[in-house]
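Going in written order, the chains are labelled A, B and C, and every chain counts its residues from 1.
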Amino acid sequence: MILEVENLDKIYKSNGDSYHILKDINLKIKEGELTILKGVSGSGKSTLLSIISGMEKPTSGKVELLGEPIAKLPDIHISHFRASKIGMVFQHFNLIENISAIDNVMLPLVPLKIGLKEGREMALEALKLVNIEHLGKRDIKYLSGGEKQRVAIARAIVVKPKVLLCDEPTANLDLVNSKKFIELIERLNGNGLTALIATHDPIFDALSIKNKVVTISQGKIEKEELKNG
Amino acid sequence: MDKLLLNSYLSIYIFSEVITLILSLMVLFITVKIVLKWDFNSNSKEQYALEKSLYLGSILALFLFVAKLILLVYLVYALDAISIYIPGAMCAAGVVSANGYGMVLLGVKFLTIFMLLLYLFLEKYDVESKYYPILRAREVVLIVAIVLSLIEVYLDYSYFYNIDINAPVSCCSTLYGTLEGQNPLPFNLNINTLLIVFALLFIALISALLLELEILTLIVAPLFIYISYYSVVYFFGTYIYQLPTHKCPFCMMQKEYNYIGYLVWGTLFFGVSLGAVWAIVKRWLKKDYREVKRYAIILLTLFVAINCSYILIYYIKNGVLL
Amino acid sequence: MLNNLFLHFVSLFFLKDKRRYLSLMIISTVVVFLLSVALFISSSIKHTLIENLQNQPDFIVQKVVAGESSYTPLSWQDKILDIPGIGSINARVYGRYNLDSKKSILIIGIDPFDEQTNKSLKEIIDSIDLKAFLKEKYMIIGAGVDSYLKSHFFNDYYNFLTPKGELKRVKVFKVLSPKSAIFSNDVAILPINLAKEILGIKKDSVSDFAIDIPNSSEEDTIKQKIESLFFNARVVSKRSVREAYESLYDYKSGIFLALFIVVLTTFTLILYLRYTIATSIERREIGIFRAVGWSIKDVIKLKFLENLALVVVSFTLGVSLAYLYTFIFNAPIALNIFLDKQNLKSFATLDAYIEPGVLASIFIIFAISFLATALIPIWKIATTDPKEAMR
């Protein structure tokens, strides 16, 4: 089992009001699965992703990623875990604009104490996988939206993670680039990468490969269904 | 006092000590709070804030360690520089002994630095293992270090406030010279027996490290520092100065002797300290920091090698021993 | 470049974020520059004075009348010479002469055939043609005196007025070069008898005696013996003069340092404010680092090293600029604060000498206060929740 979420609750408190963002979430993902987390914005899917990646702490409940209780680990261990086992792709790409694509892709290698030379090779390989190795030396600010998204994916897969987490990956892409993204995900998943994609984009309804769709609404999981199975 | 305060070295030293004092108080505040309120199982906001302040505590501790070390070296240099004002003093030895606080101040400084060093390694161990197994213990070590550094600032004040620049002090030859019929060495040793004890303790310490006998290391380490101090002042030092009557722990830190004293005392202090840190971590935390042990052995060997090389050089130059 | 990815990013961000650091670097450099100039000047002057002091006699003996030094009878010379342990004794004649109500010069009388104990005087005398010098009423003057005379239309002579009311016309024999002019700037060197006449010293008196003692451990005994020989003798030792110099320049740099600490405190406050208000770009960057797996420690390390680089760069820049300003351009303006502006324009050039402790001092006071100030903001920004930071 790659991921196990049990009885997860998340409550935000601010100015005396409390917001129940996630209510009693239970979710299991097996190795090699492609899971689509569907829901409108504000449904809590983004928060769930942050908790799974260890960037946020749950109010209560258990999150086990690859057998590690991710919410309970001290920062240095979560970070190291995130760097070595999880790849993340964000809606706004979250790339550093004034440095080159290859430097961006090398960022997750820093906490893993990888040498500069090996790091360069790994980054080039990842850029090759997403077909933009020719843009490696260019600064991010000179790239188009689609190219940026590819750099972001290259960064997410550079350490060969066990699981890929994507948060609204197509929200800032046009139709052509969204389709390209889906092709890429299908290819990576075909190579055995486990992926969890949070989205409200209907384009994911038309996936050609086997996938699990989990619908989330107002902080609760409404239904789970298998497609192309 | 006021005349000394205008010396630029001393005013810079005191200003820097005040900065470290402010940081120390901050660390103390954070650390005490952590010791009292830490609850790793809690998901509360307070605990989350404590986890964050843990990082502030450790980065400040690291900064204090480096700053205290630099300031110790700087203080010794400054004391040497102001020896001109104090009648009778020819080097830092006279200035340090201008009143009873000087030597205690230096001792507490070394102790503070050692405690901070120990803390840094405990922190490294604690962070590397999951779930902070020795959190409270290491924070207590940090509190001890910080309390020591507060005592240090008090001693700074007492020491400088009580220096009377008009009262003559003794120079090192009076302080460390052998007065008739009086043996300055501990345990009634003479130079020969002192050297034998020195050699035996060195061998014992290195073997204890190599054979991983932690308790023995911890017993021998302070003895070795103690005996080394006397051996350097009363025997090895005379070869550094090339003068059988010149016995002083401070003059060797002057330019005339290529500042070698800093290296002599530095290798001794860090060799022994790292050895002790390794032994503590190995014995009670069952973690073997091999690198630390290796550095301890290298530094201790270097310490002995430097001292012996002066004897060798003297012998080659002059064909005789002192 | 080292095969270290972390250092690769430290240098990358340090170079890429130049604009972010530029203003800070300029202020830091100025702060280091100010302190360096002050300490360089005082340490260089102190060094020159002490070097000069090496040429001075171990003791100076003067007669004291009513608590003030007065002219010393020549007859003391033989009595002092009888004390065992004395190497040499030299009778000296000197005194200040007021050119007008504001300017005065130092007249030094020399007996060219006597052995000179003062090295710089000896050099001057060795370099001239003695016969020519003694032929008429001649003097050797410092550059400062020269420029005063020229500006008062005395092109190559000056009329001194003796206490007896006679005018002595003394011609300029030579002008000393202004290099290292701390001692020779406002002097006029005259033959001893002429100097006595102008200064109004009786034939059987001198200003004081300079005494050399080969064995320094006998200094205290000899001092006591001289004092017991003449009830009205004052004995000044070289060591006490050295102490006076040291404390004078310590006093000057101490006052400066006190002011500087106020400046530094203001600077650190600015620094603290500057860092606490992290830019949104910076916050976002740190959020990204954290999201891709950097730990809080990694981020702190990166930011700390960036600041350390900033400290090292501004330290190097500030110190180098101060070196240029002080020793190459001879510290215009600043020098006047440190050099006692004697009545004549100072021409002194500074010896390029820096105590090693001075550099350490500048680095310690600057680096410790800078980094101590930066630590808390660094920690604060590093521990921001990544999600919040990326927003």
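One rule holds in what follows: a residue touches a chain if its C-beta (ideal position, glycine included) is under 8 Å from a C-beta of that chain, and two chains touch if they have at least 3 such contacts.
Since the structure is predicted, the reported quantities are computational estimates derived from the model, not experimental observations.
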item: Furthest chain, CA centroid comparison against chain C; value: A
item: Chain occupying the most central position, where position means C-alpha average; value: B
item: Pair joined by the larger number of C-beta contacts - A-B, A-C; value: A-C
item: Length of the line joining the C-alpha centres of chain B and chain C, rounded to whole Å; value: 35
item: Chain centre separation in whole Å, for chain B relative to chain A (CA means); value: 51
item: Centroid spacing, where centroids are CA-atom means, of chain A and chain C in whole angstrom; value: 65
item: In chain C, residues with contacts to at least two other chains; value: 296-297
item: Multi-chain contact sites of chain A, meaning residues that touch two or more partners; value: 75-76
item: Shared-contact residues (touching 2 or more other chains) in chain B; value: 55, 127
item: List of chain A residues in touch with chain B within their complex; value: 13, 57-60, 72-77
item: Chain A residues touching chain C - in the complex, by the definition given at the top; value: 50, 53, 55-56, 75-76, 79-84, 86, 88, 90, 92, 94-96, 98-99, 103, 106-117, 119, 155
item: Residues of chain B defined as touching chain A within the complex; value: 40, 43, 45, 48, 51, 55, 127, 130-132
item: Residue numbers on chain B that touch chain C, as the complex places them; value: 3, 5-9, 11-12, 15-16, 19-20, 22-23, 52, 55-56, 59-60, 63, 67, 70-71, 74, 77-78, 81, 84-85, 127, 255
item: Contacting residues of chain C [partner chain A, same complex]; value: 1-6, 8-9, 12-13, 16, 284-285, 287-298, 385-387, 390
